[in-house]
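You will see chain A twice below: alongside chain B first, and alongside chain C after that.
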Partner chain A sequence: MSALLKDLYRSIFRGDPPSTDKGKSELVFYNVWLHIHPAKVRKEHLKVGHTLYLGFISFFLFLILVVTGVALMLYYHPHPAKAYQDMKDLQFVVFLGPFLRNMHRWAAHAMVLFVFLHMCRVFYTGSYKAPRQFNWVVGVWLLLLTLGLSFTGYLLPWDQLAYWAITVGTNIAAYAPLAGPQIRILLLGGHSIGDQALLRFYVLHVCILPALVIALTMVHFWRIRKDGGLSRPLWKLDADSAPQGEPPRPGPASAEKTYGLMEVVTGKPLFEVLTPAEEEDLVFSYPYAFFREGVAFLLTVAATMVVSLVWNAPLEEIANPAKTPNPAKAPWYFLGLQEMVSHSAFLGGVLVPTLMVLALLALPYLDRNPSRRHADRRLVLWAFTVFAIANIVLILIGTFFRGAGWALVWPWAATAGGHG
Partner chain B sequence: MRDRMPRYFFLLSMVILGLVAAALFQAARPPWKKYQREFYALEAQHEPNAAAKESVLKTPLAINQILLPGLQRVDRCTTCHLGVDDPSMKGAREPFAYHAGIQQHPPSKFGCTVCHGGQGLATDKEPAHGHVAHWEEPLLPREYARASCGKCHTKGDVSEAPELAQGRRLFDTHGCRGCHKLNGVGGSIGPDLSREGATRRDPEWLVRHFLKPQSVSKGSAMPDFGFTRNQARDLTFYMLSLTGEEMGNYYTSKDVLPSPAYGRQLFAEKNCLTCHAVGGVGGQGGPDLQGTAQRHSSEWLDEHFVSPTLVFPGSSMPAYDLEPNARAALIRYLAAATPADARSILAAHPKSLSAEEMAIEAGRLSFEHYGCVGCHGENAKGGVPNPNSQGGQVPSLIHVADDYTKPEILSLIRRGKMPPLKDASKPAPPLYMPAWKGTLNEEDLKNVVEYIWSLKPKEESSW
Partner chain C sequence: MDRRSFLTLTTAGAAGLLASGGALLGSAVRFLFPSVYYEPPQKFKVGYAKDFPIGIPTFLPQEKIYIFRDEAKGFSAASAVCTHLGCTVQWFANDQRFHCPCHGSVFSADGAVVHGPAPKPLQWIEVTLAKDGQLQVDKNRSVADSYHLILPS
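For the complex of A and B:
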């Protein structure tokens, strides 16, 4: 019996888990899925306190969304006459249907949240500074794509919540400068939400936006390696006396000469000249990094599953264009925007959000201070904190303190408007 | 560097396996399975031998659903209500009881929710009965389920639900259309009622509303018509039947039931007594119809109505273009027709009217149909209270001919009017004269004016 099991194991895993340095390196080099990692990583980068694994968690949530999303596609028709009934079928008839939908819904909300938190972490550690400016820009685009994915998915259940949240959301889009109304028509395939809009949102949600996210995520990961790995934690900066710039990046000195690969590859070769102190700082990716990532992944999946077992995704009445809920609210992450629009359509709906996105995109180029130490960047820290808190407060006001007619109410004064 | 991570990884993998098991456990035990097991246990009790018992108990558990494209519904009620069409389950406890008296409406063709309401897609008790958030069509209380007959049988009497026809009659005679729109016709002072039964599914609310509108709806402009409890119930039945749903052809083909009363109405309308007699009462051109239903089968009569000469060569009876329902109604009436009834039909036959009388009669019908009665009272006598208008009531129209010229009345109806205030500091009176320009055509308007003009008492017109 044990011989049989051993046989089976050997037929899958030809060798023992690598124990030598060479074996551990080869495990990374020769595996298409693992070779995005370096063979060795800095110990400090594995510390939870440095990154909180927020980027990993965002990526894992995206994986959950892809898997559950593909499963949901098997049960979904993007047509007004069928979509809502498909939701009811998932709820009442499909095996594991409610669980699947709950996972997708809650993971989607969580991903918006974690992408935002990841951005905050990168900001507060100053990790967007040279040479990582471009990767920050890629990250901002990924944040926008995440919002787009969540927003397009919001319409698909075709219930009152979906219909009116998207109505409000696309009306905000119509305030955009120059081509606002045209953008709205392009999104909806008409002047109001109907079968065309549902089809367009569906294609965006399951095809176009995920493809873009996958492509940009690949760039995002690859750039981490090419920009010299993760940024060093702030506490190491204080210990180091070295200047804050990253290791020098020797390139080919002359365009005329022919170079060998060893002359182009940057950074220090891992197996050669390392000072004992540097050697002390490094550990092999296998098993240290991989198991930590695995634990983060399992924790993310487990948390999503627990939430999905306990709380059901909301589903309201079938979409009814003739019956406007009061208040009609956008999805929660756009409620800050809706709150601003309620004060001034142009200022709140166009100018401020446009400036916010532009400021985020341009941040690494505007903030030319090379230091990552908190003491050296008081002003930027303040500015970003105000920006983040203002967004959070506006979203909280829009979510909990706005009632019928967008009047200020206390959260415990029950209103008809829902969000979820 | 000693690493505990692989151990955590392994432990978390176990946790995930546990969670997957929990999800599978949750998914594999839906409440409907419990009901099905109970049902088969109940059924097995009636089985004579052990083998039969065993096979009943081993019936595979499955969701039953009735697809009703014509009603735009899918009903899964029979997943738990397994005994509805099984007479041996008469008197069994719910949800397994047999549903008597639905031979005409088998669940396989009608489902359940079209009459009873509820959420047919659901497979658990609370959501299926619809008493949950975000479901607009909860189960109707048992006694009001018959209101749903009126969804398909939109005209004429339904013998099982006399309240419907009563309610419809009250609706017409009390001029509800004056304020309320129904299927595009009516005023706009009150809410549109075309989907009232779909949006307001609470019969008790409706009854109380008809008895005393302001008691459930503060500040409502609706006058208190002094309905009796029964009348309020009749109107509630009618309201509940107005759901504005689209029913398939199969269902709408029976908008009028082929009742003898409908047959009698057709018999009178088509002037059958001009040629035919019943027991000697009536015309002599065609055969006497007494006993026809005994002499011929209903199939023969039906074919005869479709094409008289085909069944009876040389017949001089014209082929009336009657739909199947109307033919069935006529056949039923023929079986019941008596000479006395024929005499009363002849007596009620309208005598010829002058052009002027016809205009007044048409005006009176419009006055009723468009709900003028609702505010101006029966026969335009007034008396409906309208707080804070001068006089406190909607004016009577009896003496209009003394104060206005015909063109003045015409323009007043066309454009509408706000009643003058008694006290300018108080809110405007709830009732006002709507503009009828878009609703009534020129001819209707003129006829209504003629009718109002004719209301002036005759003895007064002499001076």
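For the complex of A and C:
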């Protein structure tokens, strides 16, 4: 019997026990989920100071969203006649309903925040520079998808916030040049907001957009490996003058030798010889990297749970096409956009956001300065900081300085609209 | 196979692939536009003339329209949908204006933009008299803001 169990175990886990160096490598090597990591990683990449683990936290929040989202799907019908009642059931009837709904809502808010912060980290460490330009572009798409998931998500409760957000959002789309009105019909599945529109946003939210996020996240992570691992922390730049994490380029071939395919592709000998100093810089992914990622994961889950126990996700009155709430406010991350469209629908809703996205996408190609040192990057640091602060200021104005009828007011006079 | 027929064949093949790819894409886009829209009718009856007070606009929440009845000029109807981004405007009796809660557009009693981001005046729509004596409104028919229905008395 024990031989059978042992056989079973050995058929699943092939490597040596992870008490030896060989076992530690095999653990990563033979596991489809773990082998996105190299067997060994640079110590400096595990330092919180370099990445702040913001990308990981974004990813873990996404995992929380998938799990809680699938749970919510079991009690939600994407139809105007049922959706709002399902929300009420989740609030008052379903076992763990409020907790799951809170977790889903707060993790969604947090994901928007953390993806943005992660982007800032990547920017300020200059990690979008060659060879990582394309991974920055993938990242920008992930940011857009994250916003798209939030937008399609908060429509689903079919409360006042949902109804008026879809109204305003799809009307902004209608200002797009050339195909604007067609795009609106495409999004709504009709000319007015009804069951077709809710169904379309539901399919986008639970199927199309998550599938795209998963696909792009895979590319994102794969690319990190193929770009030669994470960028080196800024504090290491002065220490060594070696090229900063350039991707492996094929070296000159020797006529005396036959090369294996691996060697041709990577340009490195199959059995790399590391200097003792280089060896000194590395640690095994198991347990060092996994432990830290595990801690980041547990902290993310724990923080989301605590927030969800203390604060309830908002739910406004049932959607009422006849009455727009006053003020009608979008969730915080769209209040900058709302502030801009309050000046001009086309400029603030279409042109400026499009230019902002294009600027983000083009950044790594426009910024041709190879140096990552802050002293050499004054102009671009300044430009991005203005960009980030402008967005934050617009959001703050929309949140705290806009009252009934979207009039400018002092924060203490601003009636909270629906946000959440 | 000689060079000429090889080239002809590959060109034809490439053209065929391109055409079927285009057809596929076109059908996919067409698929996304519903063939039938199950939506509320744009033309509907709103009630008898006597139901509407003189001077104060009547708001019909379901249809999102305002019905005006003027002593001298007769009946007219305006859409309550803000021309900015589609929120529902509200009539304020104290300043005799429409206010939009979303981004602060203000419209005068005749629908003109007083200020705010709205690019166009409120839409005026046709009011007619149905055979059964009820007023009838057709949202698909825009009219000038001077349009009024005068009932024979």
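Quick note on the criterion: the second predicted complex is superposed on the first by the 379 of 420 C-alpha atoms of A that agree within 3 Å, B and C clash if a C-alpha of one lies under 4 Å from a C-alpha of the other, contacts with A are read in each partner's own complex, and residues count from 1 in each chain.
Going forward, a residue touches a chain if its C-beta (ideal position, glycine included) is under 8 Å from a C-beta of that chain, and two chains touch if they have at least 3 such contacts.
Keep in mind that what you see is a predicted model, and the values were worked out from it rather than measured.
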{"item": "Which superposed partner A:283 touches (first chain B, second chain C, both, neither)", "value": "first"}
{"item": "Which superposed partner A:172 touches (first chain B, second chain C, both, neither)", "value": "second"}
{"item": "Partner chain in contact with A:185 - chain B first, chain C second, else both or neither", "value": "second"}
{"item": "First (chain B), second (chain C), both or neither touched by A:8", "value": "neither"}
{"item": "Touched partner set for A:343, first chain B, second chain C, both or neither", "value": "second"}
{"item": "Touched partner set for A:326, first chain B, second chain C, both or neither", "value": "second"}
{"item": "Touching partner for A:36 - first (chain B), second (chain C), both, neither", "value": "neither"}
{"item": "Overlap of chain C and chain B interfaces on chain A (superposed complexes)", "value": "none"}
{"item": "Complex contacts: residues of chain B adjacent to chain A", "value": "1, 3, 5-6, 8-9, 12-13, 15-16, 19-20, 22-24, 26-28, 63, 74, 76, 119, 121-124, 127, 134-136"}
{"item": "Of chain C, residues touching chain A in the complex", "value": "32-34, 37-40, 59, 61-62, 64, 84-88, 90, 99-104, 117, 119"}
{"item": "Contact footprint of chain C on chain A as seen in their complex", "value": "164, 167-168, 170-172, 182, 185-186, 189-192, 194, 196, 321-328, 338, 341-345, 349, 404-407"}
{"item": "Chain A - residues contacting chain B, complex", "value": "43, 85, 88-89, 91-93, 95-99, 159-160, 283, 287-288, 291-292, 294-295, 298-299, 301-302, 305-306, 308-309, 315-317"}
